[in-house]
Amino acid sequence: MGLFAAQLITGLANAAALFLVASGLSLIFGVTRIVNFAHGSLYMLGAYFGVTLMQMLPGGFGFWGSVLLSGLIVGLIGVVIEICVLRPVYRAPELFQLVATFGVILVIQDLTLMIWGADDQIGPRAPGLKSVVRILGEPIPQYDLALIAITPFILLALWWLITKTRIGILVRAATQDRTMVGALGVNQSWLFTGVFFLGSALAGLGGAIQLPKGGADLLMDLNIISAVFVVVVIGGMGSIPGAFVASVLISVLNVFGVAYLPQSTLVLMYVVMAVVLLIRPYGLLGREEKGGEHGQVGEPDRPIRPAGLVGRSLVAALMVALALIPVFGSNFTQVLLTDIIIFCLFAASLQFMLSTGGLVSFGHAAYFGGGAYAAALLVTHAGTPMELAFLFAPFAAGLLAIIFGWFCIRLSGVYFAMLTLAFSQLVWSAAFQWYDVTGGDDGLVNIWPSEWLSGTTTYYYFTLIVGVGGIILLRHLTHTPLGYALRAGRDSDRQAEATGINVKLVQWTGFAVAGALAGLAGGLFVFSKGSIFPNELEIAKSFDALIVVFLGGVKTLSGGVVGAAFMDGVRDWLTRLEYWRLILGLLIIAVVIIAPNGIVGSLRKGAERLGFYRGEFSE
Amino acid sequence: MKHLKTLMAAATAVLAVAGSAQAQESIKIGDINHYKRLAAFAEPYKKGLDLAVQQINDAGGVLGRPLEVISRDDNGKPGDAVKIAEELMTRDGTVMLTGSILSNVGLAISSLAAEKGYIYLAAEPLADALVWESGNPYTFRLRTSTHVQAAMLAEEAAKTDAVRYATIAPNYAYGTAAVAAFKEILTKLKPDVEFVAEQWPALFKIDAGAEVQALEAAKPDAIYNVTFGTDLQKFVREGSTRGLFEGRKVYGLLTGEPEYLDPLGEESPEGWFVTGYPWYGLEDGPGKKFVDEYMAAYPDETPKVGSIVGYMTIQSIAAALTKAGSTDTPALLAAFEDLQVPNTPMGDIMYRGLDNQSTMGAYVGTTAIKDGKGVMVDWEYKNPVPYMPSDEEIKAKRPAE
Amino acid sequence: MTVVLKVENLSKHFGGLRAVNGVTFDVARGELKALIGPNGAGKSTCFNMLMGQLKPSAGRVSLNGEDITGKPPRDIWRRGVGRTFQITGTYQSMTVAENVQMALISHHRKIFAIRPFAHKLYRDEALALLEIVGMADQADRACAILAYGDLKRLELAIALANNPTLLLMDEPTAGMAPKERERLMQLTADIVRDRNISVLFTEHDMDVVFAHAHHIMVLNRGELIADGTAAEVRNNAQVQEVYLGGGTLYAKEDAHA
């Protein structure tokens, strides 16, 4: 009984920081519809500022003053980010802003390293709250009780702000209908800035307030961000009470998970999220998203046509150039190009479902890594010849996509995205934890191609043929009735259903095709690297693909491929420099601002303006 | 501020290398590490590495040529590391590869090394598989493996009358291997021990309060800790606050390393039996000499385990090059066989022909607090060889060559 | 007279609200029939049940004698019911012709075909349909830049793609200028005549209704209060009562002008 109560208290205390960060993210999403990946970075900054301030300001007053001050500073940093980085791209396609926030993550990571150094900083303890209180015989840290006492006040304050003040009314109005706020005569951009300040300040507070239970380190930004997204989604995006309920739910379940199922620590919250979403598709307290929202912000997509003679000639010329690389280029150029082609195929497979089908997946790495693992497992455990194992990669990934897709296509928008993420985390944790089969994070090694394919040049040609073949296949499919049906379902679900198209079946097929082609890329990957590890299934891998699709141009056909080539090329070159993340981050932000339609989309627009390219939109 | 100094120190080192390199074409070594992803551990390694390079070049280099290390960041991704390894070997003209802290990156490079015939000296990765189950003729490893360090702790644990043990380890390959080795060896030494709880927090995402409660609920006599870094900080703080460590012996793998003990400061745990690196306690010999030289080169720094590993990595490579008398891969490969590396900060070591593992040992001792800092006391240096499995067992584990 | 659509006792209840209550009517082949009623009378709910977007609480809908109650929209469409929406739902990213081709592809069950390219499939048929609605000259324009009236006509062409025996048109002229309204309804009337199909439509513009509909039904608070010719409906006492508050039956409703 005592232990149970103590565990409950621990869970509630853990919920405090999580709730602060999650409510900020939820608020920002609710009003601005921006999926702010940099929210974890703001949390990290809150912790670092907290540590620094607490060293300067002594005593209890200094401690709590530092917490508040950290929130304030981080809030102001949020304002700077909003004005400099996000404001220029509000009119870009939905979710495009997440690319910008990804750039912000990289910049903040390197700046933090520059300013505070690499060493982990242990958090100061709260003066006067250093010991324990005995409750039913169990020791409970005083600071835990303080956190439990503070959280309801913050919830109440937010509730008051949102329901009782004019700002709150505007925020709520904006959450439900953004155009309404403009109609009410409110300056929308300042409302967005205000909300960004509040949301960022909450993240900063969260970072500072957790210091006595932890500290500040350079990995905490990415460590918290997935948990925060899970909380926001379980609670319902945009709902503050939802974020509170979900923080408590996740934190408490986690404590009991640790006690009774210690191995569950990796995957528990994703299982909870998947279950919640399957029962309540919009989270516990969320509202249904208005239909037709994604892919429809900004300019509509344009009609597509298979490449004409000029286009085909250019592609053919590029192919010839690539085929001649082994003659003129160095050995390493082939290695690098092999990497790039694989990434291009992976990105193209995501673009097929994302752009053509309007299905935004946050978990596409599950199929890339899934295919790679499928091949590697056959080689390791069954001694399968490479050729057969390679063919198995797209097959297994497609099968995985069929299974997961069946669940995911029931949802839409951000909730669809988060369910794909939950499934990809399940695959990741299986690879990570099922040590006997997958080798855990020591992975599977010595997965090399057969003798006839083993040379760098041979494998380069193999990748060129299979990779480019896969990309062309995806492009071909985009122009077939299936591709058109996917776009029909994306443009108008209602019209498509009313003209006999089984939209869910079409989307399911699109999902499976995208999964299979990602698996093909995974197959190429594993035999080029000779090994596979769970990091190829990580969220970061999924977002790599997502970001290059947006960076290249989500409303184009070749955006993913161009974005991937650009990103991999730039990254290879930049990692030689010490602060490459800072430069890459700034570069991404610059591209986002200069080319809000993505690289390909903006080039096309430029060409239209100059008259090289005739488009009806230039009328 | 601190950063600026680091940068300047690095710049001086580079200039020094560049200066002497003009004389004759340098011998290039490819180094891959997680300089960004695990900056806290990779930076000391780089400093140790640079120091050794500078000393060797000041003394005239190797084979009459200066050494040059090309360091690249892999962002902690095995796939990227493999690409960079190819680039270093085929474009930059390095003669061999070294580096890595994470076991998975080490294993990925090792697999590539065997396939392409590159020599790879794994500096820090701890996984036993690197030299045993997945071992290959092209991969050598400097640092003492997980198995050996766990065995040193298990030996000490077997001397007490504690029988109920609880373990806590990060939920990934290193953690599981460390727990498995400790359990196996302790059970062999003392068959009546009982493992009453096994806790597996996610790496760097520990829920310390909950883990401490779960451990306490199991009422163990002693605890075996494998957590490190920020997980360790949180675990120690919650454990001390809630009285978990009172009256219990704790065995901490790597806990005594300055990387992990320093940030804890005055909150460092007392009385834990740990493996680590008590540089402050060294009084003479090559170990002390290294500490002095390191602190002279980097006035704001104290040596970490990473520093000594980086330093010994370059010493090992220089020794191999000297013995080989050339930079050819076959000659180097032959040189690494039973290679003797004299006068390292941990004494003379050897790369065993049996499994390509060096005989670098480890310090064990008990933690204490001195001047507000965590230190190891009553420490001793242990030769790893007695803690390794028998030659036959290792031969059975290594794939046939 | 052949009955194409037979609706018996159709009801939809949302909690306590009876949005549609026991509605019974027929639509005959070749008939252009209007369903009118004040705002909130239940017209759209009724339509959505006929087309399968909503499941009825009670009642039965049959098409050419076959029970189609509660079937999904795409199954009802396959049985020969076309539909246009109050707010157009065309495919913004496709050309005008492709919008029609998409419906034709679905009609010919070629959705999962992988050859040939979609923009080549059934293009001539699509152009023929566009010719009927007078949109052939805009066939290759992007749908996203069409004028609203053109979108409405395009939707009509799409609705004709599966050779329907019955067309359901929800507020076909909403948001259009008076001249355009007249043109579209004339077009619809011509189609009914030329192809011998049936049309059931809802409409706010009484001029349009009384000028073109063969028969008119009046829905009020979920119940059908009249079903007859224009003259019969005009003289129906209950209908007059319902509409008196909003002026006469002949005046346009300002709110929708």
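List of remarks:
Chains here go by letter, A, B and C, matching the order in which they are written, and residues are numbered from 1 within each.
Note that a residue touches a chain if its C-beta (ideal position, glycine included) is under 8 Å from a C-beta of that chain, and two chains touch if they have at least 3 such contacts.
Bear in mind that the values here come from a model prediction, so they are computed numbers and not experimental data.
Taken pairwise by the contact criterion, the protein chains link up end to end in a single open path, with no chain closing the loop. By count of C-beta pairs in contact, A-B exceeds the other of the chain pairs A-B and A-C. Annotation: 75 Å between the Cα-based centres of chain B and chain C. Distance from the chain A centre to the chain B centre is 33 Å, each centre being the mean of its Cα atoms. Taking each chain's centre as the mean of its C-alpha atoms, chain A lies 43 Å from chain C.
Contact of a single residue of chain C with at least two other chains is seen at no position. By the touch criterion stated above, chain C contacts chain A in their complex at residues 51, 53, 72-74, 77-78, 83, 85, 89-95, 98, 101-103, 105-107, 110-119, 121, 141-145, 158, 161-162. Residues 296, 299-306, 476-477, 479-485, 487-488, 490-492, 494-502, 506, 509, 616-617, 619 of chain A are the ones that touch chain C when the two sit in their complex. Put simply, chain A touches chain B in their complex at residues 3, 6-7, 10-11, 13-14, 109-110, 113-115, 117-122, 125, 130-132, 138-139, 141, 144, 213-215, 217-220, 223, 227, 254-255, 258-259, 262-263, 265-266, 330-332, 335-336, 339, 432-433, 435, 439-443, 445-448, 454, 456, 525, 529-531, 533, 535-536, 572, 575-576, 580-581. Interface residues of chain B, counted against chain A in their complex, comprise 2-3, 36, 39-40, 42-43, 72-80, 82-84, 86-87, 90-91, 103-104, 107-108, 110-112, 114-115, 127, 129, 134, 171-173, 176, 197-202, 204-205, 207-211, 213-214, 217, 229-230, 233-234, 237-238, 241-243, 262-265, 267.
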